[in-house]
Amino acid sequence: MAVRAAVAGASGYAGGELLRLLLVHPEVEIGALTGNSNAGQRLGALQPHLMPLADRVLEPTTAEALAGHDVVFLALPHGQSAAVAEQLGPDVLVVDMGADFRLKDAADWEKFYGSEHAGTWPYGLPELPGARADLAGSKRIAVPGCYPTAVSLALFPAYAAGLAEAEAVIVAASGTSGAGKAPKPNLLGSEVMGSMSPYGVGGVHRHTPEMIQNLSAAAGAPVTVSFTPTLAPMPRGILATCSAKATEGVTAESVRAAYEKAYADEPFVHLLPEGQWPATAAVYGSNAVQIQVAYDEAAGRVIVISAIDNLTKGTAGGALQSMNIALGLPEELGLSTIGVAP
Amino acid sequence: MAVRAAVAGASGYAGGELLRLLLVHPEVEIGALTGNSNAGQRLGALQPHLMPLADRVLEPTTAEALAGHDVVFLALPHGQSAAVAEQLGPDVLVVDMGADFRLKDAADWEKFYGSEHAGTWPYGLPELPGARADLAGSKRIAVPGCYPTAVSLALFPAYAAGLAEAEAVIVAASGTSGAGKAPKPNLLGSEVMGSMSPYGVGGVHRHTPEMIQNLSAAAGAPVTVSFTPTLAPMPRGILATCSAKATEGVTAESVRAAYEKAYADEPFVHLLPEGQWPATAAVYGSNAVQIQVAYDEAAGRVIVISAIDNLTKGTAGGALQSMNIALGLPEELGLSTIGVAP
Amino acid sequence: MAVRAAVAGASGYAGGELLRLLLVHPEVEIGALTGNSNAGQRLGALQPHLMPLADRVLEPTTAEALAGHDVVFLALPHGQSAAVAEQLGPDVLVVDMGADFRLKDAADWEKFYGSEHAGTWPYGLPELPGARADLAGSKRIAVPGCYPTAVSLALFPAYAAGLAEAEAVIVAASGTSGAGKAPKPNLLGSEVMGSMSPYGVGGVHRHTPEMIQNLSAAAGAPVTVSFTPTLAPMPRGILATCSAKATEGVTAESVRAAYEKAYADEPFVHLLPEGQWPATAAVYGSNAVQIQVAYDEAAGRVIVISAIDNLTKGTAGGALQSMNIALGLPEELGLSTIGVAP
Amino acid sequence: MAVRAAVAGASGYAGGELLRLLLVHPEVEIGALTGNSNAGQRLGALQPHLMPLADRVLEPTTAEALAGHDVVFLALPHGQSAAVAEQLGPDVLVVDMGADFRLKDAADWEKFYGSEHAGTWPYGLPELPGARADLAGSKRIAVPGCYPTAVSLALFPAYAAGLAEAEAVIVAASGTSGAGKAPKPNLLGSEVMGSMSPYGVGGVHRHTPEMIQNLSAAAGAPVTVSFTPTLAPMPRGILATCSAKATEGVTAESVRAAYEKAYADEPFVHLLPEGQWPATAAVYGSNAVQIQVAYDEAAGRVIVISAIDNLTKGTAGGALQSMNIALGLPEELGLSTIGVAP
């Protein structure tokens, strides 16, 4: 008995990646595909890599089009998910790949997004403490942001184990697909190839409060986050370099032990052997997270570096992993830790 | 009842891609993995994207290591396959991803490779006329070169249908993985990023006689090939721009009709709708071939452009497709036309 | 006594490259900089690499703004140059980097551009026979297209020397800056990185009649051109692979001799030593053309490959080289054959 | 009266970039070019972008070859410069682009380089307090490392102005040319394109003590540095994201004011207007440093981001700038803040 899934926002990068994964998910049947400005177009013209779906035509995003599915994935601009979810009713699993339901604090939402807070849904980062219980059986899932996925998985074990002081410093490099498919001059290939540049510097990036929320929960106390995102000349991938002052008594061994323990049974988190470092190329197209830790004794800091594919584990893969849990399917179904390289 | 497969040369790009595909092939169990200079190393250090195999250790390439498998894939430097195949015996399916057994003409081999011809095996390009019959039940398969795959699929229908004169002109761009993993100064990232350059110009590239062999067979008469390969700043992919003088009476419609007919039932060849052109990004990591045709009336030429992933359809995917046929499995098993993009 | 130069269209890629070169031209003083949608903006925000001009503000493109200069460069969408030139009067040197005045045949213009032909100006490719005489003292210059620059310099010596039959086949790869700075989805970094794709296939690219014009002039008879442009994952550069059937009696030596003779005294054309091939990285940011020739005996074709920087020799550098000639300055002034690599 | 300059190590990336700049330096005449394994080869084969020098042949690196020049630039592996410098005598200006003479503390040298300390030469980062006085008239110059150039210029004003606490956290992304031209598997284009990865994590990178030396001098007290370098998929450029806890009373205005003051008269440091961020593409091939500052009030940190070209300002341009000072030439001679973009 297949799970019938609809995708609202099938023409963008998140929607396309989700379809790529749904096509090989053994329990999912792909239902309605909707879009806004692209409604009426063949998917083959919009997502030419999804050849089995080339002849599917996008419908407009309406309640009618999305009705009659077991799961509806929303890949919409923020602010639109609440209304759609309401129309779909409480019995349909709604997986929001946007930001609307990630934050618990309404004030944070209003400060960073400038609109009214729509609410909070179970948070789709299963590796966080307690997350699987929240997701099991849930009919609503808020998929985390791509940066918070990479950063939270890098740092929460250090905070949970009391290894790190409450001031995290994070610099992350993202591939350009994180900026979406809407054409802007600064995202032209001519501009991004050969260039690294920062943006949203100084605590203004919208993913910052989400990181604070996750790390503070792990620490059991408020954690500040200095977050600098940078745009890297590659289509996909996030490399997050995360550090914090080590608490007293920390050693290289205690850091490693904490991460080995935290991730011993996690199917998608790959703590690398000592001496090997994460690379975004190694997780390209996969749901894996590569992590490595270091303790810099001279600087007194714990350093954790993670690599994910922003579109897979950072968006569509994470969404599917959480869907599997919510539906009672095996968590790894349709997902893998096999990257496409070189 | 799983097919047990060994891979000789598991540390290179062809071997790594094959393992990526074997990991998701429902009927294959991965057996021995061997290497030469890398024997003794963890696969995780050599192929960090293949996380499920990270703890496997490479054995030296010996007859003992390769014994006891149903299929042995050879990803070895040319000249080494014959000796290995002999040791494996006639009942093991040997799939050679190198050049040794591709050419029918010993003189061609000697001219282009400078050594004695080892022989000719059934040629693993199932889409060519007669190829599936040769492959079915065979215990030996010669996997085509990556360029000949892209070029033969682009042009053989034109020759088979009598649309093109016997002088083909081909310019192809390849990603750098086609040049292998052995470090050379001209393949450094610093050198290749931002640069296009040709190599092997003037008919000297070793894939030239293989193209001539395939196209002449399709035409039923000798075809000359002017082939210029170029190195493009991307890891994977081949874009082949192929043309020939049109024979008399050819029209845009007759060209398109010939290709629609040739590829109507081919699972991996995707003749694009008119107005859409192949892109290597669209076939990244997939076994698909994207093809588009044009008739340039002013110049009097038929132009056919194909895009493949040189490592997938161009090497490891093509190898698996042929293995499926040889073993009597469904031809598409474990393969797809779903690319990883953007 | 400095030459005072204005640039209309200073915010685009052609305009930016021209300014980069004008900044180091010893006889030029940069005057008015104009734009349309970007008028009123600081150049530092539009062309952040031109730091000496960061505080200059773009004016609207009007006859008033452009008045009072010795030279006015036009980097405008096609169809706009004639009106501007007329307003500037006959005594100002007007250098049009657009297409309007390149073609001699009004019917060609109408067929490929769909509007009325504005006329023909002296053609700014000094290396072509007779071009320098046309440019000397001229007050109007039509700067060639980037592809025609690369292709004409590759093939005209073969035609002038009678080495090639009248059917040229050309496949060229261009960096993305050739497609301009206006944001379009297919030009996003996410789309172009890792991808090669063709466009304008089958004789429909607007640079085709310009190539035909140049090669036919060299041959003294009509030459047909099959031209396939492809988009390569790099910001700059054109690699043109050009070939034609060799006429009777041609040898590798006679081909080389013709090119050595043609380019013995050309300051910007660098015929590479045998065994070395052009690379776009080697001409990055320079006004050089790298050329290599081959004779493929088996296929009976002369093959010539050229590499240029599409923005420098292909546009702004070529414009300056012609300006120097028109003004009676040393042709090489302010230009070089020094690339920026790696 | 030209300055006659020799370059030892002319086949590598640092040597090539130096030659690119020397070719346009109005007071320099290029003398001997030497190499080791490449001695006897044409420069055209090794540095194909330097067409004016294509026919020069590399000599072996010997005292004889380097004798008779006013300036000798050393682009040698570390540990070799002292012996060469001694042979050249005290009257020749020796500019070492390697690491040998950068560090003041012999223990630091021994810890990070594992050999005996050769000494300390005047440090070629003119923008640091007191540096120009040390360089003027000097016959020995130690050119800074590329990362320390980017990082020291980003952070020294904050330390000099007392705005930052003594624990700096730095994450920097470098283009691949920083890793040199010796072919290694991890530097292949196939490996680096599409990938971001860290290396030398945890305080072990050899540039760390150099940063500590510079920042501690600015602060007048020991500063710790947590430095994480990452390899980015681009040939050139460094983007350094640097931060430290703000001292009490710091505001966004006081941070900006300190940097405006520090860099008001620096010809190569370009403090960007508020709202604009550095990009490595904007400094490609130029001697410019782009800097932007932010104060993250929530995290309590001063954040400074700098972009340089690692080969120009980070190596060869910095070397020339210091040479100009040492020889009493105008500091900007032969250098510019004009990048090559896009």
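The letters A, B, C and D name the chains in turn, as written, and every chain counts its residues from 1.
Keep in mind that, in the parts below, a residue touches a chain if its C-beta (ideal position, glycine included) is under 8 Å from a C-beta of that chain, and two chains touch if they have at least 3 such contacts.
These are the chains along with the protein names UniProt gives them: A, B, C, D = N-acetyl-gamma-glutamyl-phosphate reductase.
Note that the structure is predicted; figures quoted are calculated from it, not measured.
Within the contact network of the assembly, the step distance from chain A to chain C comes to 1.
Centre-to-centre spacing of chain B and chain C amounts to 37 Å, using the average Cα coordinate of each chain.
The centroid of the Cα atoms in chain B and the matching centroid in chain D are 45 Å apart.
Each of residues 13, 175, 177, 181, 188, 190-191, 193-194, 233-236, 279, 281-282, 284, 342 in chain A touches at least two other chains.
In terms of which chains touch, the assembly is arranged so that all chains touch all other chains.
Here chain A touches chain C in the complex through residues 13, 175-177, 179, 181, 183-185, 187-194, 233-235, going by the rule given at the top. Residues of chain B that touch chain C in their complex: 167, 169, 171, 173, 175, 188, 190-191, 193-199, 201-203, 224-226, 228, 230, 232-237, 239, 241, 243, 245, 277-282, 284, 292, 294-301, 303, 305, 307, 342. Contact residues of chain D toward chain C in the complex are 13, 16, 20, 23-24, 42, 44-45, 47-52, 54, 177, 181, 193-194, 235-236, 270, 272-273, 276, 279, 281-286, 288, 290, 336-342.
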